[in-house]
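Each of the next two complexes has chain A plus one more chain, namely chain B in the first and chain C in the second.
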Partner chain A sequence: MFTQQVLSGLASGFIYALLALGFAAVYKSMRLINFAQGELFMAGAFIGLLLARNLKLAFVPVLLLTGLLLFLFGMLFERFILAPASSRSPEVHGMIRTVGLSVVLQGVALLAWGTDEYRFPQLLSSGSFSVHSISIPLNLLFIGGTSLALLAALVIFLRYTHVGLCMRAASQNRLGAKVVGINVKFVRSLAFGLSASLAGIAGVLIAPLWYVQYSMGTMMGMKGFTAAVLGSLGSFPGAVMGGLILGVVENLTAGYVSSVWKDAGVFAILIGVLALRPQGLFGRRYNERV
Partner chain B sequence: MRDNFKSICAGIFVILLTFGACNNRSANGPMQIGMLAPLTGNGASFGQSQRDGVQLALDEINAKGGINGRTVELLVEDTKTEPPVAVTAANKLISQSKVPVIIGSAASLDVPAYMDLLEKAHVPQIVPVAVLPKITEGNAKWTFRSAMNDKIAASKMAEFVANELHAKKVVLLLEDSAFGGTGLAFGDRLEQLGVKPLTVEKFKRGDLDMSAQLIKIKGVGATHIQFWGYYADYAQVAKQMKDLGVQAQLMGNQAPVTDKTIELGGSAIEGAIDICLFVPTSDDPRVKTFTDKFKAKYGHLPDTWAAQSYDGMYILAEALRQGGSDSQKIRDALAATKDFDGITGTITFGSNGDAEFRGTSIVMVQQGKFVPYKSKSK
Partner chain C sequence: MTGPARLALAVRLRWLFIVAGLIVLPLFLQNAFLQHVLVITLIYLVLILGLNIVIGLSGQIALCQAALYGVGAYASAILVKQTSLPFWLSLPFAVGVCAGLGFLLSSCVVKMRSHYLALATIGFGEILINVFRSAGSLTGGANGLAGIPAPRLGRWVIDSPLSYYYLALSVAVLGYVGMISIRRSQLGVALRAVRDNEIAASSLGVNSVRLKVLAFTLCAAYAGTAGALYAHFDGFVGPESFSTSQSILLFCVLVVGGLGRPLGSLIGAVLFVVGQEFFRAFSQYQLVLFGSTVIIVMAFAPQGLAGLFRSLVLRTGGGNIDEALVESVTTWNPNRAKAPNSFAKSATPSSLELPPISDGPISSKDAIVIDDLVVRYGGVTALDHVSFSVKSGEIFCLIGPNGAGKTTLLNTIGGQQRPAKGRLMMNPKFQTGVRPAKSVRLVGRRSHEVARLGLSRTFQTSQLFPELSSIENVMVGQYLHREMRTSLLRVFFLPWLAKRQDTVAREEAENWLRFTGLYKYRFNLTKYLPYGLRRVLEIARCMATKPEVLLLDEPSAGMSASERTALVNLLRTISNLGVTLIIVAHDLELVRILAHHVVVLDYGKVIFDGHPKDLRENAQVVDAYLGRKRTELEPVF
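Then we have the complex of A and B:
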């Protein structure tokens, strides 16, 4: 039962990890927290639903197209809504604008789809196979595989491509990056686009296992943020580990303590970690630059 | 100053018009009754069934010349499945529209929120769908429930599970709320019958990941899972049982008996067992007539909630026939309802306002429909 709980926790853990990665990307390059991450996740699920149900696309094209659409949306949002906030205390102004985005997204979903739950077409075969009396759900493999592939792509992008290196440079020293001729504005848009895209993909990945509803993103946004903070805000490996730990802890709390404490257990651990290691589990201890 | 005077005059004019509009009800005009229904929010599927069932009955009544020569007009207020909104809506029906009687909300948590208002205003209500036991536990004098009290459902379900299914390894999976808490009554009755539930697991409404609870349930070797909560979570449990390879028999309460469960659960919900008052696929000729009429009007089969609302409207019609538009007389007529012969059973109101128990149906999902349960051995 222990192994089963851990395995099952990993499935939701990967989803939290994708959301946490989005938080990390935006925090790293813009020093702000994207409060719309949960609602972008919900938007991804609904866009996926439209593509899969109305256009009858297969799962992989749905996944890619949703990622692309949200990427473009994120870029445009950053360019036209967030960037103009950058004059004085851009972080605070930017964060409030992301709060605004989350309210607008949820409102639009509520107007368009109401409070109903929608079934997402089962594009992947559900079911499970057993290894030593432990049943492994097929969709866990798919979610895990896709998340790892995305993570690998992200690492390669940041380490080995020109644009990726520009992004890292801009996140470490904005002024310096500007001096050496990096288009910092573009890099910021790119980071926000990436974060929106990750959230959307997470939404599509989980939708066939759940159902789609306008309010599905609120709790997920909180969980993703928790995972990001747990791992150390702004660190990519930290975000992934934070997400996985969160998923597993959740299942173990519900399995061995009580299902009533499922969410509480997670937040208790967050508070504990922050008290003992304010920089997060995987953060380096360094002082914030002034 | 002159402008102010003009606006004040205009304001008074508007107020007078409004009053005029309110007061032009004469004794020969249509008789107005109120209805609270959760038409939006997470109880929407119940509210819509409630509205459709009541409206069908009302159309029939009006087509036959109405009640005592007057047609009946229904004033519907949406509670949005939010108790505070239900209170405002009830207030509006009582003090603005001044309706003599109300058809109560289908959302269980709405009803206790506004019930006291009706007690104070001396306006009776009939509750055709909401099942929460609390509704009839507070000695309310103006509330009559034709729906099945969920505690009765819990105890009947337990008897079925112990005596018909002969289940020995049963677990409870309950929504962590007053609504899901009624499931404990199932556990108590089951224990009286000699089967102690192995464990009680809980979940929050709308929590989409139930894997932890289900793995635990699988771990204790349960053969039967009794669920108590809403349809969306029920469908979610069925889906995750399939994903995790949990082989147990899934059983539910009254709330999941709606087409939405089947839409969300897909093939995973096949074989699930529930309890309710009405099965649309029954062979009873009266049920057949009703379902045909319903289908002709709305294009789909009625669920148990629509049928109960249809019956509720007819019980109310009888009370209106006797009481006219006098709230006190309508209340007394409702209280005296005895052996009302509806499509969901024979209804007599007991002293607490609850319909006395009148037989239940155990239903099972087969090929995407709720059908009467038939034992496999027969």
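Then we have the complex of A and C:
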């Protein structure tokens, strides 16, 4: 029972982890909280739905195409809407623009699809195999595998490629990066595009397990953010750990306490953690310099 | 009366006209729906005013306003339904419950930085909504509570939209005037200072934690008021109206309206209610409209519509109505603020004629005693068993090459850095309301406590409050004097007394600006001041705390020769007032003309402690500055 609970917690945990990775990527390179992450996730699910249903594509192409489309959308949004904000108090103004984006995306989805729930075509085998009487759904393996692969790709990209180096440099000192010839504008668009595409991929991954609906992103965005903060905002491995912990804790609360208190439990833990360790579970404490 | 005079009178009496207009407004709207919309707008005005205090004034992004609003509504409704007490008791009850909850939450989350705070408040809101849904016996669960009685006054039941309008109007006016009054008062200035730069505000004796909790609690109290008003107007409360997305929408409309300005709350409330009530038929377009409005307004008027309105009014020739307007003239046209050649020209009134240094009021008593101080950053020892003392009233200079630990020492004295070991004592000379008679330990005190003991400091890079005018920057320095502070009671219920007190505070701040020669820049936002003036304004701000010891970190850095001369004059004047000066300097010339006493630090150790004229003969000092040892031992190239 316990192991089973933990396992199914891991499945949603990996989805939170993907969203948290998106938050971390944007925060790390732009010092911005992307409040539209949850809605981009929802958009990914709907785009995936269109591609799978109307174009009858297989799962992997759906995944890649959705990722690509959202990547382009993210780049454009950053370039034309967010970038003009960045000259004056970028944190607050940028954040508000992403709030605007999230509301618009939700509104568009509502106009296009209404409040109905849509079933996503089962493109993957929904079977499971069992080890010692614990059944492990294949979905979980696929979701977990994809998330970990994306995490590895992100870490390698940022740490070992030239563009990645530029991104890290631009995030730490914009002016300094500009002076040495880094195209900071492009780098920021790239970061936002990457994070949007992560959210979209997460949307497609979870869609076969859930129903697709216009409001599915709101809570997911908050949970993804929670996961990112739990693991210390801006750290990629931390984001994944935060996501997994969140998923497991949530499922255990639902299993052993009551599913009514599932969300409340998560947020209570969050406030507790933040009050005791404001730098996140895995973050290092740092002194603000005078 | 001439035309302009009549206009000026009209401007002075503008509030009277506005309130009179609001009183007769519903009489022209015989339509019950429109009257209903008016009441709802007023209720949301109260709610968004609260949000504006916490976000706009104290800079804490709190995203649980709708949930707190719900707490107010439920608290009042439950109390009235369970005990049938009148509305006039359940309203304060709801306000109290909300303020208490806000206080508790804020005490837990106050130390978090912005994003974390936003998230924690979202989490808190979610928990509250969960409680509304699940505590069925009290809140009615998902069905909500219906049949909440309307308030009654004697035999008169306030249940028509028209009568409720006047109830809501009086509450809203109180809330609105309260916010204007807070924003203008010493308290509001301190709040905005904490928002702009918490470290600098604490260094001036402002207890930032207390103020942030206060702002949050106030915001919750506003939310509670609005909630109770709503519950008894609508007669029904259900969990759906208090969701996190509502909180985020409230935040959006406030930002569109204009953060930090009471008018911004009004605009926000109108937008919110118009969006909800009039576009109900097109509810599916509502979200798209809201979202795109936010994005568009942010792109063209990042200060919000209230900020845009102010600047438009000014452009069409509203004239200099009051100080706040002058303030926004300079906000809008930064380039019109003319840069001076030097602050000294306007600055030297006869009081600045200087006596020779030897007449300095040095006493034999120690003001600061530093004993065996050690500070480490990781493995690096920044201060290595440093001991010396500073006499009361002297001009003390701390010099040393880069990385010698000068700023670290200053930060340790000022309470911004904790030492690993050692003692730091201060002997207050004057005993005042905030200062003890005996010598006190400085280690382990927080920086606002250190400031209250009479120790004030400037920073190496200027740490002014950029969005505050010069005079308001100085007012932050006065905050630690109790007689300058206004109580909340006055702010809300006796605003004219608060205003009078505020005038006194402003006059005193003006004196400090005259003292430093910055008077004519009093209304300039400090982000538009040139560099040299900023440094001087920092000194003026410290002087407003009436310090006994003033710590200055590289005061002459980046100054022109004439600015430096004026600075020397200013520092001597301050010294003659009996203030002990501790100056970290790079500039040996400044040390030569000013100092009574010099300590040289090198790699965290004291290598010289004595009179400045002995400096040149000291071989160790010469080595440290000219680096002879190094060139002999290891050639650099």
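Here is the rule we use: the second predicted complex is superposed on the first by the 286 of 290 C-alpha atoms of A that agree within 3 Å, B and C clash if a C-alpha of one lies under 4 Å from a C-alpha of the other, contacts with A are read in each partner's own complex, and residues count from 1 in each chain.
By definition in this document, a contact is a pair of C-beta atoms (placed from the backbone, for glycine too) under 8 Å apart; a residue touches a chain by one contact, two chains touch by 3 or more.
These numbers come from a predicted model, not from an experiment.
Asks: Should the pairing of chain B and chain C on chain A count as a clash or a fit in the superposition?
Replies: Chain B/chain C on chain A - fit side by side.
Asks: So in the superposed three-chain picture, is A:L111 touching just chain B, just chain C, both, or none of them (first/second/both/neither)?
Replies: The second partner, chain C, only.
Asks: Quick check on the superposed pair: does A:H93 touch chain B, chain C, both, or neither? Answer first, second, both or neither.
Replies: After superposing on A, A:H93 lies in contact with chain C but is clear of chain B.
Asks: For the overlay on chain A, what angle lies at chain A between chain B and chain C, C-alpha centres, nearest 10°?
Replies: Once the two structures are overlaid, it is 100 degrees.
Asks: Between chain B (first) and chain C (second), which does A:G255 come into contact with in this model arrangement: first, second, both, or neither?
Replies: In the superposition, A:G255 contacts chain B only.
Asks: For A:Q5, decide between first (touching chain B), second (touching chain C), both and neither.
Replies: Touch partner of A:Q5: chain B, not chain C.
Asks: Pick one for A:Q172: touches chain B only (first), chain C only (second), both, or neither.
Replies: Neither partner.
Asks: Quick one: classify A:W210 as touching chain B (first), chain C (second), both or neither.
Replies: first
Asks: Tell me the contact category for A:T226 with respect to chain B and chain C: first, second, both or neither.
Replies: Second partner only.
Asks: Once both complexes sit on top of each other, what is the least C-alpha distance from chain B to chain C, rounded to whole angstrom?
Replies: 6
Asks: Taking the stated contact definition, name every residue in chain A that is touched by chain B in one complex and by chain C in the other, in rising order.
Replies: After superposing on chain A, chain A residues 114, 260, 263 contact both chain B and chain C.
Asks: In the complex, go through chain B and note every residue touching chain A.
Replies: Touching chain A from chain B are residues 40-42, 44, 81, 176, 201-204, 206-209, 211-213, 215-216, 218-219, 232, 235-236, 239-240, 242-245, 260, 263-264, 266, 268.
Asks: Name, in rising order, each residue of chain C that touches chain A in their complex.
Replies: Residue positions touching the partner: 61, 108-109, 111-116, 118-120, 122-124, 126-127, 130-131, 133-134, 199, 244-245, 248-249, 251-252, 255, 284-295, 298-299, 302, 407, 411, 416-417, 459-460, 463.
Asks: For the complex, which residues does chain A have touching chain B?
Replies: That would be residues 1, 4-5, 8-9, 11-12, 114-117, 119, 122, 126-128, 130, 135, 137, 139, 206, 209-211, 213, 215-216, 250-255, 258-260, 262-263 of chain A.
Asks: Show which residues of chain A lie in contact with chain C when the two form their complex.
Replies: It is residues 27, 33, 35, 81, 84-85, 88, 91-93, 96-97, 99-108, 110-111, 114, 218, 222, 225-226, 229, 233, 260-261, 263-264, 266-268, 270-271, 274-275, 278, 288, 290 of chain A that touch chain C.
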